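Naming follows writing order (A, B, C and D), and every chain is counted from residue 1.
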Amino acid sequence: MAIAIMCSGGDAPGMNPAIKKFVDYVYEKGEKPYFIYDGLEGLIDGSLKEASYKDVAGIIHLGGTIIRTSRSKRFFQRSFREQAYENLKKERIDSLVVLGGDGSFRAMELFYREFGINFVGIPTTIDNDIYGTNYCLGVDTALNVIRDAIDKIKDTASAFNRAFVVETMGRECGYLAAVSALTSGAEICLIPEKKFEKSSAKKKLTNEIANGRKYLLAVVAEGCEASRELKEWIERTFGFETRISVLGHIQRGGNPTVYDRMMAASFVTKAVDALLSNERIGKAIGYKEGSFEFVDIAEVAANKYQIPNDILNALEHLD
Amino acid sequence: MAIAIMCSGGDAPGMNPAIKKFVDYVYEKGEKPYFIYDGLEGLIDGSLKEASYKDVAGIIHLGGTIIRTSRSKRFFQRSFREQAYENLKKERIDSLVVLGGDGSFRAMELFYREFGINFVGIPTTIDNDIYGTNYCLGVDTALNVIRDAIDKIKDTASAFNRAFVVETMGRECGYLAAVSALTSGAEICLIPEKKFEKSSAKKKLTNEIANGRKYLLAVVAEGCEASRELKEWIERTFGFETRISVLGHIQRGGNPTVYDRMMAASFVTKAVDALLSNERIGKAIGYKEGSFEFVDIAEVAANKYQIPNDILNALEHLD
Amino acid sequence: MAIAIMCSGGDAPGMNPAIKKFVDYVYEKGEKPYFIYDGLEGLIDGSLKEASYKDVAGIIHLGGTIIRTSRSKRFFQRSFREQAYENLKKERIDSLVVLGGDGSFRAMELFYREFGINFVGIPTTIDNDIYGTNYCLGVDTALNVIRDAIDKIKDTASAFNRAFVVETMGRECGYLAAVSALTSGAEICLIPEKKFEKSSAKKKLTNEIANGRKYLLAVVAEGCEASRELKEWIERTFGFETRISVLGHIQRGGNPTVYDRMMAASFVTKAVDALLSNERIGKAIGYKEGSFEFVDIAEVAANKYQIPNDILNALEHLD
Amino acid sequence: MAIAIMCSGGDAPGMNPAIKKFVDYVYEKGEKPYFIYDGLEGLIDGSLKEASYKDVAGIIHLGGTIIRTSRSKRFFQRSFREQAYENLKKERIDSLVVLGGDGSFRAMELFYREFGINFVGIPTTIDNDIYGTNYCLGVDTALNVIRDAIDKIKDTASAFNRAFVVETMGRECGYLAAVSALTSGAEICLIPEKKFEKSSAKKKLTNEIANGRKYLLAVVAEGCEASRELKEWIERTFGFETRISVLGHIQRGGNPTVYDRMMAASFVTKAVDALLSNERIGKAIGYKEGSFEFVDIAEVAANKYQIPNDILNALEHLD
């Protein structure tokens, strides 16, 4: 029996450690591991091959993904899905591990229902915006990249008595911004999930500036689309010269942290175990309170991830 | 009411974020935060002062501890404990948050029973060797420092067709070595908790070398005291020129990771909440499966931390 | 006799090691070192104090500047310069070391001619755009910050078959962009000093893409104001989905590299030696081919820094 | 005409950027680049192949060397040198670029005289101990790795009121230790090139400790073999608990800095230009005061590298 791994949608650090663990663990179980290159596009085009130990030697510390990823419109047409199925059948592959987000999981579930190809989706995105799991692979690395960037920005902010508005990734989700604000000593945080209380922030910070505060740091989730507005508000309200720093795609790269390497191994082990159990499966894995459980794709698709309350509460004290 | 924070025993990254959170949170609760400098030695000598926001500005990203730490023999004499108590009484401090290990917790519990000074111990050590918690503050940072060191060592190992024996800290506990081996793609791992199966390792690696493996990486916990012996065994068995690298005290330093900064905030919040609840308390906090709970010091002292089974099992596949 | 140090204009990594060396070296020479805080603004407002060893303990690895910097419009008015002079006279300070750029040097030279305050300007800016020196303090650190950012961006670029346009700082000068492009394996580099040869770049890269190139990296100096145009050209010409990443103020921060720490010490030593020599001086120091020489401010002001020819020539081979 | 590149002796960061530049530049010049794998051992065994652009894609940021290196005893026997010569003749290779140290250069010069194979040696070692050049490829990266390690050690030293003796690499040469001590704010530095003045160090540091110094940092070159002795002297003289940290092989690894990437390109360009000039050559390149010049191997072999006087003088002020 053969089992394949594929990345789909946005890339995230942790994909390579997951790919390495996949190959090692599938061989350990006596089965044949396959790579599907370039995501759903490669699945349609038959870009796949049996994976070897050599393919995954020396990749555990690399960001990105050695098998690449893609977004695919063609896969929404039945004829291309048939083509994808024929590619798998030719190699006797009947199970897939998919590193991706909820869009990719929905595509795979359709494929599972149509052609009976088992799959387990491992939530993988730096945005941490997938329902049914508290953790998405890649988030810890992204948070530490942001930490490092903010440390540098604080150097120049404090040298110059300036304010900085730092914009993080996360699409509609404020998780990256919220955790970064709390762990980097920011004074202001804007996320889509929470109203920013201008008046209390103004009162609190005016007071701190009177007591000697010499610079301000604000962290804003990209989903707020509010960096420019906030910059102007800070300049108007506090008189600080204010700069915007959009951190951008550096947040997607970098050597995976130990936490992401460990999570990659745990996610992959559970996924492969489920796929080798001889039961039919087409689900995602969620991580909650220290344990892993399977979640229906319909549930993942129908719900929105909620930032934990203790994080939202802690943000209250910034305003 | 006044409440103080103190470091005791070995330092660990995460102490400074904890100290910052302590000051911010105690003020938020309307109480007075104090620093005790230089651990139990400073407690005896009265090195303490009320803490201000300014004391903790710009420290969240610093390794080490701005209030320093110590080991104290004097504290085991009743007269010095009396002196310590008088220092606290003078400032009306009746509660302590202690960042340290089980030795420090035992000393504080004695003090609690003798003088009624409440305390909560936050398990803080890179060794991750404290019973009653799955996580000690500082471990994630140390693991990432080790990761970075091993990445560098692999550069030179692979350039030269060499084997490396990397010795990690951890005292009697093999946690750092085990997780580092698993997440850095090591071929061999020695920890006190597990017998090293030479014959199966020999068989497996001889086979890999025949198939093209050009270097070897072994991670050894300092508690095994086996680096030299392992080096000689590798040279004898596989013919690789082998070097030992004792990572040493770099493992204790470095900018705290986001995970350690978050855990620092969570630990401190629980500790301060408990101390302000008006109930008498003299316990440690443990972190287990995503939640925090209080543990009796006697229990912490009487038991030995066990590395989780899934980590021990994963190590089996290295040999 | 007393001698002061001041930062002026944009901050750069290397200021703190320079400040530390200044204090140590002035004491070593038996004179009194002073700090002027907040640049020319602080000079006007009398924000100055005698510096101690303790002020500079543990700052050598910090980005930014502990004495802060500023831009000043007031200093262009004679009355404020008089006020500045009175502040210095009060403390018997007759010499200044100024870490800054050519604008700051011109201001200081006017001050020198009017009031006889000696000064030596140390070229300090990550932009490397000051005439009369081949190296400005802070450049090596900025280049390594950019290197680290581009390494991360390449992770995600190669994972996704994408092109990236990375915009670096440097104002009108293309030095940072040019060296970053050459040392990070970029395929395209745009700087103000050199025409971008679209047709040859198109030919060369079309060929490489036909031979398997899967992503493109372009580095653009901010002075070109061409990131958007280049993005569109790449998308139109090669069909790659293309993202822009403006690196922004992270380039100004970070732990100074060893090279910047060494250069800081060398620049400061020469500056202090000149100021203590009892001759009148109002110049900048330049670094050229391994040695240091003094340059007239008029010459610095009247000329534009030229990127070395070997760098410009090497860029030819990218197109 | 074909031209090959080879690494020999100890590895150093900067080898991979040099290898990439070599392939790019030789193709640019219209000639054929070759790799010799595994140093002189591979030269004897015929481990060589024509290099392609693909071989060097994505290697610029890697430590170590993708073509590996070795030390060879066999090459000192004429019969193996003959075999090596035959391997080159078969592929019509008549010139070599050699990344290595003086031992390797001497071996190559013998080979040059016996068989007429041209070569240019690029001084490559983190030890910076080669006569005829002020800079050896890899040194800047090693210095920054040491800086990072010492920053971490200072975290724990200052947390604990401890002294640390940090031992750096460098074999008989004290360059790494000297520059590291000067740029990391160490209080003591021991190198083979300079007598350590115990009495003046004792006097100076006793004074500083009386004024509040709470920890000590000493940097010792491995060539002094004095770490243990120094530790005992510090404990005896100042009463600080003292730890030794032998930095070891992490100093050989790591992502090459921008400076090493630039120097790699400059060294390789000069070397290839010389080899393609149609004149016979068997020399090393030295870097001095901003320019490159060729040096006779006999001269390199007969002399010992001297640390620049300004560095030695600056060390005086530590004691």
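Note that in this section a residue touches a chain if its C-beta (ideal position, glycine included) is under 8 Å from a C-beta of that chain, and two chains touch if they have at least 3 such contacts.
All values reported here derive from a predicted model rather than from experimental measurement.
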item	value
From chain C, the most remote chain by mean C-alpha position	B
Mean-CA-position distance for chain C and chain B (Å)	40
Rounded Å distance, chain A centre to chain B centre (Cα mean)	28
Approximate Å spacing (C-alpha centroids) for the pair chain B, chain D	35
Shared-contact residues (touching 2 or more other chains) in chain C	151, 154, 158
Chain pairs in mutual contact under the definition given at the outset	A-B, A-C, B-D, C-D
Residues of chain C defined as touching chain A within the complex	7, 10-11, 13, 15, 38, 62-65, 68-70, 145, 149, 151-161, 164, 214, 243-250, 252-254
Contact set on chain C toward chain D in their complex	17, 20, 24, 28, 53-54, 57-58, 60-61, 134, 140, 143-144, 146-147, 151, 154, 158, 179-180, 182-185, 208, 211-212, 255, 257-259, 261-262, 265-266, 288-291, 310, 314, 317
